[in-house]
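Report on one structure; see the data block that follows.
Chains: A, B, C, D, E and F, in written order; residue numbering restarts at 1 for each.
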Amino acid sequence: MSGIVVQNIARPTIDLIDGLAACGVATVHEAQGRTGLLGAAMRPIYPGARIAGSAVTISAPPGDNWMVHVAIEQLKAGDILVLAPTSPCEDGYFGDLLATSAMARGCRGLVIEAGVRDVRDLTQMGFPVWSKSVFAQGTVKATLGSVNVPIVCAGALVNPGDVIVADDDGVCVVARDRAAEVLEKARAREANEEDKRRRLAAGEPGLDIYDMRGKLESLGLKYV
Amino acid sequence: MSGIVVQNIARPTIDLIDGLAACGVATVHEAQGRTGLLGAAMRPIYPGARIAGSAVTISAPPGDNWMVHVAIEQLKAGDILVLAPTSPCEDGYFGDLLATSAMARGCRGLVIEAGVRDVRDLTQMGFPVWSKSVFAQGTVKATLGSVNVPIVCAGALVNPGDVIVADDDGVCVVARDRAAEVLEKARAREANEEDKRRRLAAGEPGLDIYDMRGKLESLGLKYV
Amino acid sequence: MSGIVVQNIARPTIDLIDGLAACGVATVHEAQGRTGLLGAAMRPIYPGARIAGSAVTISAPPGDNWMVHVAIEQLKAGDILVLAPTSPCEDGYFGDLLATSAMARGCRGLVIEAGVRDVRDLTQMGFPVWSKSVFAQGTVKATLGSVNVPIVCAGALVNPGDVIVADDDGVCVVARDRAAEVLEKARAREANEEDKRRRLAAGEPGLDIYDMRGKLESLGLKYV
Amino acid sequence: MSGIVVQNIARPTIDLIDGLAACGVATVHEAQGRTGLLGAAMRPIYPGARIAGSAVTISAPPGDNWMVHVAIEQLKAGDILVLAPTSPCEDGYFGDLLATSAMARGCRGLVIEAGVRDVRDLTQMGFPVWSKSVFAQGTVKATLGSVNVPIVCAGALVNPGDVIVADDDGVCVVARDRAAEVLEKARAREANEEDKRRRLAAGEPGLDIYDMRGKLESLGLKYV
Amino acid sequence: MSGIVVQNIARPTIDLIDGLAACGVATVHEAQGRTGLLGAAMRPIYPGARIAGSAVTISAPPGDNWMVHVAIEQLKAGDILVLAPTSPCEDGYFGDLLATSAMARGCRGLVIEAGVRDVRDLTQMGFPVWSKSVFAQGTVKATLGSVNVPIVCAGALVNPGDVIVADDDGVCVVARDRAAEVLEKARAREANEEDKRRRLAAGEPGLDIYDMRGKLESLGLKYV
Amino acid sequence: MSGIVVQNIARPTIDLIDGLAACGVATVHEAQGRTGLLGAAMRPIYPGARIAGSAVTISAPPGDNWMVHVAIEQLKAGDILVLAPTSPCEDGYFGDLLATSAMARGCRGLVIEAGVRDVRDLTQMGFPVWSKSVFAQGTVKATLGSVNVPIVCAGALVNPGDVIVADDDGVCVVARDRAAEVLEKARAREANEEDKRRRLAAGEPGLDIYDMRGKLESLGLKYV
């Protein structure tokens, strides 16, 4: 089951990826029917980054970052590394040297359900990471895992080539074959929100804009 | 027990509220006898905000933000929304559209024992939030809760119209009828600290300033 | 076992301390054989600080910060306070007044497996703290603890006079009698990394730089 | 705010208390509109106990069980001790000696948002405890708290004299002045469930018994 | 994405299921290459049960158990219900009435990444449950989810018709099309362990039985 | 720092060990000045065991149980294995085969700040374990650790040959050279408690037995 590196994976187009990045996590998540979010424990190491990329997945043993080295060689421009350990772990699998190597291959960031270190350097390099922890704990290189196999990362199924969208709200995965449809819906959602934002800013009650009063009353809401 | 919106609640004066905001959470908490703190899991979405406001409370089902829409209509200038889910939840009940609506009514911020999203937008808008999590997970509008009823939020009892003080140290609630007394004590505490700060900065030992040596010795402290 | 203040403790030289600070936590941790890290729950109250110092240790009861006052008198320039409660606690043992006093004695920071408050002030003062929580909850001064005895802080054994290194990656302790050796190894490690960083930035695969392909193949890694 | 012992508190009748005990936590919680549950972290030290009692409340500092001794003197037959620390704590406030003393006064059990110890002895004595942790960590007797004041225990407001119901499902509080009404509703609920249980056991679909098919269809549920 | 009930799912044979049950979780997990375990937070409500079954999956909103009623109608003898909420939740989705209904249809147990209640009744009925929490908190029936779609439960991907194995060690999922192969490997593993158990019981060192001394020495293990 | 097996360690006498076992964790912890407890997350896999033993310590990488095999060879009758991973881990390092081997050498139990599996078998074998988790997740045998070196396990420093006492209240460590003194104090404590238990059972208030009324009054406790 482990010890496999899948080399040729299909990727979405950069246009699709960049379009989803521009929409951001909350909008994309809503646009695909409120699915695809990774757990809330996945936090960015610095605020303000908003990226998307094509997933290069890593299944790695706890405390062993060997497969990260293997995965980096599989990176293409526009990719994001996504790592799930085979059992819960918060060790620092990734630091500034690996980021240097990944950036040289066009990698846009890392999503890891474990730890990361050298976060000051990564911040200065502008290499964004969403992780479960920041922890300097070193790892070994002793046991095989796999690259570009399906993984469950922070509770979400990620297939290689899926689109990963990440910003200050967290991380969302979009299945590759749904990316175009989700992008369209996300943009429609954004357009629709613009009008609402203007009306809400003018002080109009959301209860009216969304026509909620009747339903609330019918369920028995009482104003006292 | 749910399905109630209390419309006319008593509020403290803005002067009291602003006075407590200036003192900050730690001082106010001490001034009222070390009570009223919400749990340490309540963290600000960005550093540096220090606010106070009159509580508009929301009791909402898990994963259902309908009552937030209802509560916003009850807001007056100087209010803070305080939401407690009826069971533990980290979903993102609140984002930039709701913040736009709340700010249009003079709301100063949100305290929520659950999740929030669109935090990059909220930061840019200067709308401070203290929450248990940042999570893009969307919510439904299907089940009633209540507005302006007593709630327990992050372990603290909050009645509508109580003063909420929030800063980088967390969140504290002051009962409305104690607000004036607590403000007075908080200011006295601040005045008292000024002299101590000067002496401590000059290198004078706290053991002397606070006259602790005798009591420590009587309890048996040994210097070896 | 408690109620003891050890006054004369051996300290490493400032040169050793400053040398280790410059290397940072991840490098020092690796240089001493991947040992000495405090748990990942220990986080800085603001990003960017990188310090080292000689440990003045505090064993304190839960919710009682009396021994901090006692410990401050024992501080010398270049020291760091390290506090472990005798049972798990997240109360705010330390705020801006204590920081003022500690800074007046040359203290470089605080490492506390509990809570801290006044973090906005501490940030403005440039007094770095690594803590388990930020929590305004006040403490009492009623029960003795000890100063400068061995403690276990966040899972790591800390003896008074050990070197504490802390930065955005967390906190690491170096036994005093190993400090010189560890510094030497840390510097060698840094020198060695420089060449690797350059080659990785140029796009050379880590699999080649670290000569990993043969071993991966022998373990059965399959490219498909 | 602390340092108070309220001696004369109103209690519900033993009949009400025993009636609620017989219904159990889940039924009582439903009967009062899905409110009153303490958090799920409150677990029994042994399975099988199902009790109710009138609350004698304790607000105690972290790591200090002095007020337990004070509270025990206030106990009457049919009471339950309910302790909330003033900040999070898992120390063992209570063991077999205190249980001996409490049982001698007719106490039916302990609910504590902290730790308990001597659980083997407590099990043999048949003294049930619901706690956040089992932890042998000892406490001091140095700082005052209060007895029979309103407390928030595990997220629920408990007033002295409220009914506490506890079993393997957790702990629920019923306000004293609602106890009779809640008992009536709980019994009605039980009677109503009996018929449903018989039909469900016979294999009749709940979708029919509860007449759900129409509403599910109208919301768009699709069978494929 | 939600609102779907898949009615005709393929199931493994009862022989396969029962064979895997007899092997238990740890053996099955090892036999399929150390994959398929649900997270360690999934604990049985009572010790001693060891079951397997074919998964009927439920994706449900937080705090809403409507889909459990829908799923029960889809049960066949030998099935196990597997529920994952769409966001983290610990509410009590399931109690004795639902268990009565499920048992009437041949259901062998429940695996739920949320809460369960009426555990005393469930224990007496012999209906085993593995859950994240025990919590009496009631749920609503207001929002659709889906039945028999792929879900991620406690970090593991579960497809309808996969085999679920559960015992005191936790829960493991075996993909339906791998069930026969995994059963064969699990039985081989058990046979192989029998001889080792006998030799170990006789005091023979595992270092010899597993022939580890040479490799340990070559890696540098030193006996001092 | 790792890769070391210390073969000749000093052990306390079996009389000392058995004496401490009879006293139990809470009493021993109190007798040595409320020190030595491992964290409350360490729970027994079944209730009722009360043991003590001489520690054979294991420092092991996350997810790698190789050193357990090495350590078992170092066991003597009356020993307890104590394992701390070098970074947080909940994998199942230990199961029924290792227990068979350990029991054959006189081992009394296992204390592990990680996971254990085969707990049904271990329960039937009567081999007690205190662990952070029960988790079937398998481990590898790829990287060295050390045996019989000082470790920090669940927050407590454990040296090889220290006495470990474990029961339903948790786990406590007693330094080998303090074992005789602690046993004496623990027995004195037990003797002293007997009289108190009798008086408390007779209904005498603890406030009188412990002579607390005066001190409570002097601190300002008010009965209202």
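The definition used in the following text is that a contact is a pair of C-beta atoms (placed from the backbone, for glycine too) under 8 Å apart; a residue touches a chain by one contact, two chains touch by 3 or more.
Please read all numbers here as calculations on a predicted model, not as lab measurements.
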- Query: Which neighbours do chain B and chain C have in common?
  - Reply: A, D
- Item | Neighbouring chains common to chain A and chain E, by label | B, F
- Quick one: compare the interface residues of chain C with those of chain D and tell me same or different, with half as the dividing line. same
- Item | Distance from the mean Cα position of chain E to that of chain B, given in whole angstrom | 42
- Task: Would you kindly tell me how far, in whole Å, the mean C-alpha position of chain C lies from that of chain A?
- Result: 31
- Query: Hey, how far is the Cα centre of chain C from the one of chain F, in Å?
  - Reply: 28
- Query: Which residues does chain E have that touch at least 2 chains other than itself?
  - Reply: 34, 37, 40, 86-88, 90, 135, 137
- Query: Which pairs of chains touch each other?
  - Reply: A-B, A-C, A-E, A-F, B-C, B-D, B-E, C-D, C-F, D-E, D-F, E-F
- Residue numbers on chain C that touch chain B, as the complex places them: 3-7, 46, 66, 69-70, 72-73, 90, 92, 95-98, 100-101, 103-105, 115, 117-120, 123, 133-138, 141, 144
- Note on the structure: Residue set of chain C touching chain A in the complex reads 24-26, 29-30, 34, 37, 40, 43, 47-48, 50, 167-170, 172, 193, 196-197, 200-203, 205-207, 210, 212, 216, 219-224
- Message: List the residues on chain C that touch chain F in their complex, please.
- Response: 1-2, 32-35, 37, 39-40, 86-88, 150, 152, 155-157
- Parts of chain C lying in touch with chain D, wherever the complex brings them together: 61-64, 86-91, 135, 137, 140, 142-143
